[in-house]
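Got some structures for you, see below.
Consider the two complexes below, in which chain A is the common component and chain B and chain C are the respective partners.
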Partner chain A sequence: MNEIIEKLLFYMEYPFVRHALAVGVMIALCSSLLGVTLVLKRFSFIGDGLSHVAFGTTAIAAAANMTSSLTVVLPVTVVSAVLLLRTGRRAGINGDAALAMVSVGALAGGYLLMNLLSAGPNLSGDVCSTLFGSVSILTLTERDMYLCMALSVAAIAMFLLFYNKIFAVTFDENFARALGEKTDFYNFMIAVMTAVIIVLAMNLAGSLLVSALVVFPAISAMRVFGSFRAVTVCSAVISVFGVLCGILVSILAGTPVGSTIAVLYIGIFFVFCGLGKLKGRRE
Partner chain B sequence: MIQIRCRDLSVGYDGKTVASGLNFEICSGDYFCIAGQNGSGKTTLMKTLLRLLPPVKGNILTEKSLNDGGIGYLPQQTPVQKDFPASVREIVLSGCQGMRGLRPFYSRIEKALAEVNMEKMGVHGLSERCYRELSGGQQQRVLLARALCAAKKILLLDEPVSGLDPGATEEMYGLLAELNKKDDITIVMISHDRRAVLDYADRVLHIGSVCFFGTKEKYLQSGPGREFLYSQGGKAYE
Partner chain C sequence: MRQIKKILVLLLLTAAASGCAEGKTGMESLKETEKSAVSELLAENEGGEERDEEKNGGVDFDLTSMSGDMVYATVYSMMAEPENYVGKVIRMKGLYYAGNGRKTGKYRHYCLIQDALACCTQGLEFVWGDGSRLYPDEYPEENSEIIVCGIYESYQNEGDSGTFYRLKNAEVELESTEPVR
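Presenting the complex of A and B:
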């Protein structure tokens, strides 16, 4: 035990580890807050689709030898999020199929580009780390770190400020609209926040595993709690706990960050399932 | 006093007209039923009245005071709501949205209003309970309490008793009649249930190939009225 603590303290000396933890916690917080809404609105998979778009754009940015891909990836993802969430409500191609098309298309295109134009010596390693987010959280540049922090703080502030509106729009969009709420604006806001959070969270979990950050905390909290506020708070706690533990374990054991966090979440989910059953039996 | 007046109104969505040539008015204190076959455009009409959809043709004139949030709405339940983790209080409070503008949190007055309406609908004891664990009848009463937070003068209800058992249906009609008589709230209701029309309605709007608008007595003697009663398995009105 002592050995582990010593090792942890030793790693904590490094600023990049502290940064990774701080950014991780912020990302965990905002992804879980918005996750509740996304899961309830039946948009669990939007994270997956968007992260694939982000992957494709990253590939293009890398092929074009851009230094900071975030500045390109973010706007492209935001635009896709707005378009995707809009088609969800229109006839023609339903949201589900649109999501699948965009997600697969971006993934295929991105990988193809990386293959054709790759400058790096270790292509499969690059792809793997973009998909599964192996170490990128530990190698964030200072500028990216501050950008991450600022965007997360903004997302959390927006969520708190519009908490009641987001609840109303999620629970019953028609009713909110009948009361004169600008539901289109709130849906737009949710789409933009989702895109921003997905791009941020990709640093942590990679584009294939980013949905775990969005879905698991919310679903676990819903097993046990019956009010929107309790679910939101609980999923934030689960998310922060999971990400902190995940990063620490991955540093100590040398496992990939994204999958460690995802596996931890799965464990937490089953624990909460059990708790929910117990609670149901007692009542 | 006329609250809503529609002139030569056509309603529809996505560029398709579903019902056309609608002429009627809703007066304050009315118990107004909208009848018609499935797919005849009853819900579309209600959504148009609520300004959720633009009218395809014609116009809707509403009394001034209804324009700033005097309308309460009880929509049909959506699949999303069936397993939604929200407490009864949270849902009823969300009915106070309309008067808040951009203020982010609820005031004490709005919280008190929610309490009063939960009391009125008999769901006060359930206020901390989770919505998805309630029975169908209880859920409808919660949504009605929410609608009342927004409504001062008029309630629009889309099939409020569909899926309820006979006891809960009775309760729901009782509550609505009380709101109509005691609080003088106008009730506008879409219903498939002949009971609603026979026992409670003052006026009826029938949408279909032949439209009808008038008092209940006249409706029951009209062609669409007889057809409606027949389709409900009842005898023609004597």
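Presenting the complex of A and C:
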């Protein structure tokens, strides 16, 4: 045990480990806060679709030899999120079908582009790293780190500022509209926040595993708690705990960061299922 | 109004936690923290040279005792922020690879490391001793597992504007004679 602690303290001396933990915690907070809303609005799979869009855009940025793809990926993903969440229902295509089309289309297009216009020799490595994250969080550039921190703070601030409105839109959009709330604006805001968080979370878990960050903490918290506030707080705690443990376990054991976090979340989910059953029996 | 106040307090706390202290911007403060952390780490390595020599045989960064993720991230950091590592003694374990330089026609020798998914590979060039060894007779077979220990330096090729990095005066230990496939 002492050896593990010593090793951990030794690793903590490296700035990129401390940065990874700080950025990881912020991303975990954001994804869990919005995760509750997305799960309740039955948009659990939106993370997957948007992360595929981000993958496609990353491929374009890589083909164009751009050093930092975040500045291109972010706006494109935001536009996609807005189109999917707001106008999808007016386009005559079901929401889930539209999501599937965008998701598969972006993934296929991105991979094709990477093959045709790949700038580097390690194509499989580039694809694998973008899809599964691996050690992306430990290799963030300074610029990306600051951007991640700033966007995370902005997303958390937006969520806290509009907590009541988000609550209203999440549970009964029609009722909120009847009360005169600008539901379209709040839906637009949720779409923008979702896109930002998905792009940020891709650094942690990669494009394919990003949904784990959005869905598992919220679903786990819902096994035990019933109110929106309690679920949100519990989800945030689970998310931060999972990400911190996941990053630490990964750097100690040398495992891929994204999949380690996802597996930890699955474990936490089963623990909360047990707790939920215990709570149900008592009541 | 009360809620807005609460949120403002929360935001201030978050900003403080992110490094916005003493009237500096978050970026400046974080940059300084990072730089001072690196200097501290390097100063510790320099200051405790005698102790390190006893403990690590004069090695400043021993990557052989690190996990795969940390090795990958450290080598990435050596490429991204070389100024923090130039002049330091680095010891690392990886797979041997030889590449023929297109412009110079000379063989360059690398120690390759992979990430946790084994899909991304990074390589660090090394010069074995004074560089007088003959390739391929006096070098290991490609993909053999090696441990390289040398001083990290920057250099430039003739007719090339880019700066390259490598381990000079490297000592090479052969970990396994069987090539890793």
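By our rule, the second predicted complex is superposed on the first by the 279 of 283 C-alpha atoms of A that agree within 3 Å, B and C clash if a C-alpha of one lies under 4 Å from a C-alpha of the other, contacts with A are read in each partner's own complex, and residues count from 1 in each chain.
Basically, contacts are C-beta pairs under 8 Å (C-beta built on N, C-alpha and C of every residue); 3 or more make two chains touch, one makes a residue touch a chain.
Treat the numbers as computed from the prediction; the structure is a model and nothing was measured.
Peer 1: Once the shared chain is lined up, is A:Asn174 touching chain B (first), chain C (second), both, or neither of them?
Peer 2: Touch status of A:Asn174: first partner only.
Peer 1: Examine A:Val257 and indicate which partner it touches, taking first as chain B and second as chain C; both and neither are also allowed.
Peer 2: After superposing on A, A:Val257 lies in contact with chain C but is clear of chain B.
Peer 1: Would you check which partner chain A:His19 touches, where first means chain B only, second means chain C only, and both and neither mean what they say?
Peer 2: A:His19: touches chain C, not chain B.
Peer 1: I'd like to know which partner A:Phe228 touches here: chain B for first, chain C for second, both or neither.
Peer 2: Touch status of A:Phe228: first partner only.
Peer 1: Taking the superposition as given, does A:Leu161 touch the first partner, chain B, the second, chain C, both, or neither?
Peer 2: So A:Leu161 meets both chain B and chain C here.
Peer 1: Using the superposition described at the top, determine whether chain B or chain C touches more residues of chain A.
Peer 2: C
Peer 1: Who does A:Leu40 touch here: chain B (first), chain C (second), both, or neither?
Peer 2: first
Peer 1: Overlap the chain B and chain C contact sets on chain A and report the shared residues.
Peer 2: Common to the two interfaces on chain A: residues 160-161.
Peer 1: Under the definition above, what is the set of chain B residues touching chain A in their complex?
Peer 2: Result: residues 14, 47, 50-52, 68-69, 71, 73, 75, 78, 80-81, 84-87, 90-91, 93-95, 97-98, 100, 104-106, 128-133, 146-147, 150 of chain B touch chain A.
Peer 1: Hey, which residues of chain A end up touching chain C in the complex?
Peer 2: Within the complex, chain A touches chain C at residues 11, 13-19, 22, 122, 124-129, 132, 134-135, 138-139, 141-142, 145-146, 149-150, 153, 156-157, 160-161, 250-257.
Peer 1: Quick one: in the complex, what on chain A touches chain B?
Peer 2: 40-42, 91, 160-165, 167-168, 170-172, 174-181, 221-222, 225-231
Peer 1: Where on chain C does chain A make contact in their complex?
Peer 2: 4, 7, 10-11, 14-15, 18, 26-27, 30-31, 34, 37-38, 41, 44, 66-70, 72-74, 76-77, 80, 115-117, 119-121
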